[in-house]
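The data blocks that follow each hold one structure.
Same chain, two partners: chain A is paired with chain B first, then with chain C.
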Partner chain A sequence: MESVMDQVMATVLDADVLPPRYLNEQLRELMARGESVVVQNPRSRHNLGVALPGPGQVTFKGSVGYYCGGLSNGGVVEITGNAGWGIGESMARGLIRVRGSVGQSVGASLRGGTIVVEGDAGPRAGVAQKGGVVVVGGSIGFLSGFMAQRGKLIALGDAADGVGDSLYEGNIFVAGRIHGLGIDAVIARPTAEEVDDIEAIVAEVGFPLKPREWKQVIAGRKLWYFDKREGQTWLKV
Partner chain B sequence: MCGIGGIKLTEPGPIGEELVRMMTALRHRGTDSTGFALYGPWREDRLIARLRVAEREILDATLKAIEGELQKAGGRFLGPPTWDSAERAQDAFVRLEVTPNVDVERVTAAWIALGGVEVHSFGHSLEIIKDVGDALTVAERHGIRRFVGTHGLGHCRLATETDVDVAHGHPFWARPFPDVSIVHNGQITNYYKSRRLLEQSGYQFSSDNDSELISVLLADQMKHGKTFEEALRYSLTALDGVFTYLLSIPEGIGLAKDRLAIKPMISAETNRAVVMATEEQAIRQVLREEINTKSYGQGEVVIWARQDG
Partner chain C sequence: MAESLNHKPSQLGRSKIWTPHAIQDIQAKAELGHYQIRGFSTFFSIPTLDQLTFLPAALTRLPLEGYREFCETKTVLGGGKPDLVSQPLELDIPIYIASMSFGALSRNAKVALGLGASAVGTCTSTGEGGMLEDERQASKKLIYQITPSRYQLDLDHLRRADAIEIAVGQGAKPGTGGVLLGAKVIDKVVEMRQLPKGIDQRSSVRHPDFLGADDMQIKIAELRDATGYRVPIFCKLPACRVAQDVKIAAKSGVDVIVIDGMEGGTGASPEFLLDHTGIPTLAAIPAARRALEQIGMYGKVSLVVSGGLKSGADVAKALALGADAVAFGTAALIALNCNAPLYAEDYAALGTAPGYCYHCHTGRCPVGVATQDEELQKRLDPEEAGERIASFLRAVTMEATMIAKSCGKSDVHNLEPEDMRALTLEASAMTGVPLVGVDKVVAPWD
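This part shows the complex of A and B:
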């Protein structure tokens, strides 16, 4: 997968020199005008590229810290290294692509848009997701999809223990092994249409198509209504 | 919050400078106090003690009393005491080199009983230096940057449960075990129960901080035959609460993380060093090149230590 930025003339901002607040202001202005920006030396700093507008695009050359791309309302974000906690948190629109791996809570409370992680995702991927799509090329960590309400969390690799704990209507699709389900999560076999839909998303974001054994994790709905006869379910934490 | 970090070098090097840079990068996680556990060259023929004397005005008299208590325990100073050069400060931070033939707990208890004395560490290699303020403030007053050694820990504190003062800052020494130290991010909820059990076995605590408990609990387990790794694993069930901590011994550093894994920990390794911290940006201050990092999950135990030790 070639960098989207490589052929484009881009404005360069240096995160070693510009404080995050000023860098973000510049970034918003440039991206709102539809420009392409390259940020050098991010060095895993937090809050870079927060609340971005479309239609521009930005490439972070290296790794970013917490909340990159969070609260965004458009734009294309590429990170050539890793990302820390809460990448794309509460994003409404836009596309984020991480070439490396991400820390905890990728796409937390995501409302719309797409987040693509080429490596692995840490714990609580897609926690409280409310829309949009998160596609992880590797594995997703402990308690992923916790309390997700809507949207799709797709893992091409394995899911660690506790996946889909206390789910609402979020949809989790796992191609690899599921190491353990969360409370009230059940495994369903996706319909042919759902599989087509997932594979179309996976192909569109650039992962190679190959035979995959999709499992879907959905809510068992036992936690949706309180029933004192099932009190034990509530105490299994 | 709180930020923790550690570094272990392949060859002895400027761990002081590197830990200061790391703790500066984690400054936003807490500036109530900052501290360092530094492991210099091993000195079989002596113990280094790090103390804080609350009243600088009576430092000479206090040092005489300290020497007196040491002599009563059969020890003596190896060379004159040294202390920080902050002339206008109220307190003084003292470094002592003493003969290793003493009962460390007896001496520690006797010094504390003098009043206005805190004992921060004892070790053939370990020196704990901690003070209120951020990393730059502490580094400047205590000359942390000049320290050369094999490995060390750092901590910047956002106080949540106990006092904002030097005694409750991290790192903690596993009193009375020389050369064992800890930095911890989290809260231990079965603190009082575990502390009472350890006190019944004769241990004394120098603070009311729950993190001190972890170091003593694990050092006690190692004293009773558990390996470093077994002791760390034991903590996963013995401790209730939230924790990601780094425990250090002369051979290296160990990490343990509780089963809900909410407090982060990242590490990266090159030929020169292995570096671990709460946030990746602290690692990037030491390993500037883009290299891959590793994060740790629920119930994980990791050891970065010499195997021969």
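This part shows the complex of A and C:
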């Protein structure tokens, strides 16, 4: 989205010139003032755009490394390339959009806000999620949604093996094929209201609406309590 | 004769294999279908710091006046990298309160620990459950712990911390996440941890967004960046492969390494993990020191030791072996009133008695320390209990300085292995401290 607006309105920071520490300092200051920032040459550097405030926005022109947008309290982040591990980890508020694909643990321990991945997500997407929404346009990798406590993880593509392992109250919605469930995960048919809710989210973050076969993965709750009646489940863990 | 012996109840009681506990354990598993869970720590007999003794000054060196002369106790943790840590953790004494969660402990217990620690110029730690506002208010200095579960990991909380501790594990149950049984998962805990109410919470052990040392290095950089390169980053390790783990942690960039020995306590753990995993604090300290020395980082990366430490003598021995500070967990809880001879009928209701209680896991702590029950925790007045903590910390500091002065040291941090002798072969072999009598190290390391 190389727009005229970017060139005219945005402050441009160059990651080839500013080390991440100083780049982030400036970024926070500008975003706290509500400004728009463009970061050129991110070149997959780690820890870019960590602990960001709202209400400003930033576009990384290229790919970022680990923990971009991690621990943030607000703001709108766009990454035009791919992203490494832990994108938006522990974020409380804000919106992150990755135009490409992401590595492991997108939205790890996410507390609030929304993360949109237009491509695929690696293993453990939405791991330990505590709130917020992660929407992945493609597939999600092994052990996604592991121990997710609350919030929604939505995959328009497939889910790899082990999805929803040891879930608490997290909700995983998969439109594609589920290749295998994690321990104590069960497939449920979402209600009409839940489907409406999910499709509204999907549309809102900009994916085209089309007929989808939604599967919901939720906790079987056999691991929630120490109880000898569930001995067979416990043997596996 | 043989027949009459068979009928004596004492015969099986003599068995060192089929002990009353072994029998009870098997019968409990047969009933429950899973391992037993309990609080406290291992009850096994393992080598401890009691196997070391100090050699105070006589004619070879000059002692200081133990009852009156000054001995420095000021302790700085994480002061080795001024460009990355602008505010190292400065403590008036080399002892702080170990990481224990709100959840495992009551609100009143957490506040009391904060008040007590603050009164003597030291710090406490949030433990796993997030930052309790009352605890932050009560604690002049507070370590914020980041555990694999990441309960309520909040940027503002991080920025209000005086140090950040990445918990890799704990001595009580290395390689396994925490346990908080349903009785303690009450509304406030649910709000902070975002769990279903009343669930038997079993925390994760792997961090959600880093797996190995290389990732941890990036995570450390992230935490520094998020907190403005101000506070030191701790890493709490269970004492297992100490030499390797310490080197990896130090190379990953942490400022302070906390080694938690197998004697470390817990609010709840599978019992067999308490007894059969990890290594003792006694063996862990010299291994950690040696590891840091081998990579040239001893003195640059601070070393804290915890796990079963209970007195000023233990503090002095840990410092002499190479620690910069120690953390008290169980000992602090006992100072709060754990196992105090009060409310005996409530101990009896748990099937135990004052002095024998390890029932933290039930949430029915008779003295209001390890509980979330409103009525029970009223029994612990934070101000009064905080004073007990302060008094206890003053007393143990006094003990440690008295030992230091008897050894001729005007700073507790000047205690060294040469100030001690090992009372047993195993302690000598583990610590490299010469064995009493022969004055030789029994099994030199290298």
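Keep this in mind: the second predicted complex is superposed on the first by the 222 of 237 C-alpha atoms of A that agree within 3 Å, B and C clash if a C-alpha of one lies under 4 Å from a C-alpha of the other, contacts with A are read in each partner's own complex, and residues count from 1 in each chain.
We take it that a residue touches a chain if its C-beta (ideal position, glycine included) is under 8 Å from a C-beta of that chain, and two chains touch if they have at least 3 such contacts.
Just so you know, these numbers come straight off a predicted model, no measurement behind them.
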Per-residue contact with chain A, leading partner among chain C and chain B: C
Touched partner set for A:85, first chain B, second chain C, both or neither: both
Partner chain(s) touched by A:147 [first = chain B, second = chain C, both, neither]: second
Partner chain(s) touched by A:216 [first = chain B, second = chain C, both, neither]: neither
Touching partner for A:104 - first (chain B), second (chain C), both, neither: both
Contacts of A:59 with chain B and chain C, given as first, second, both or neither: neither
Contacts of A:139 with chain B and chain C, given as first, second, both or neither: neither
Contacts of A:160 with chain B and chain C, given as first, second, both or neither: first
Partner chain in contact with A:123 - chain B first, chain C second, else both or neither: first
Which of chain B and chain C A:50 touches, first, second, both or neither: second
Footprint overlap on chain A, where chain B in one structure and chain C in the other make contact: 46, 65-66, 85, 104
Chain A - residues contacting chain B, complex: 43-46, 62-63, 65-66, 81-82, 84-85, 100-101, 103-104, 122-123, 141-142, 160-161
Residues on chain B engaged by chain A in the complex (per definition of touch): 261, 264, 266, 279-281, 283-285, 288, 290, 292-293, 295, 297-298
Chain A-facing residues of chain C, complex: 31-34, 37, 148-156, 158, 181-182, 193-196, 199-200, 202, 204, 208-210, 215, 218-219, 221-222, 225-226, 229
Sites on chain A touched by chain C in the complex: 20-21, 24, 46-47, 50-51, 65-67, 70-73, 85-86, 89-90, 92, 104-105, 108-109, 111, 124, 127-128, 130-131, 146-147, 149-150, 168-169, 223-226, 228, 231, 234
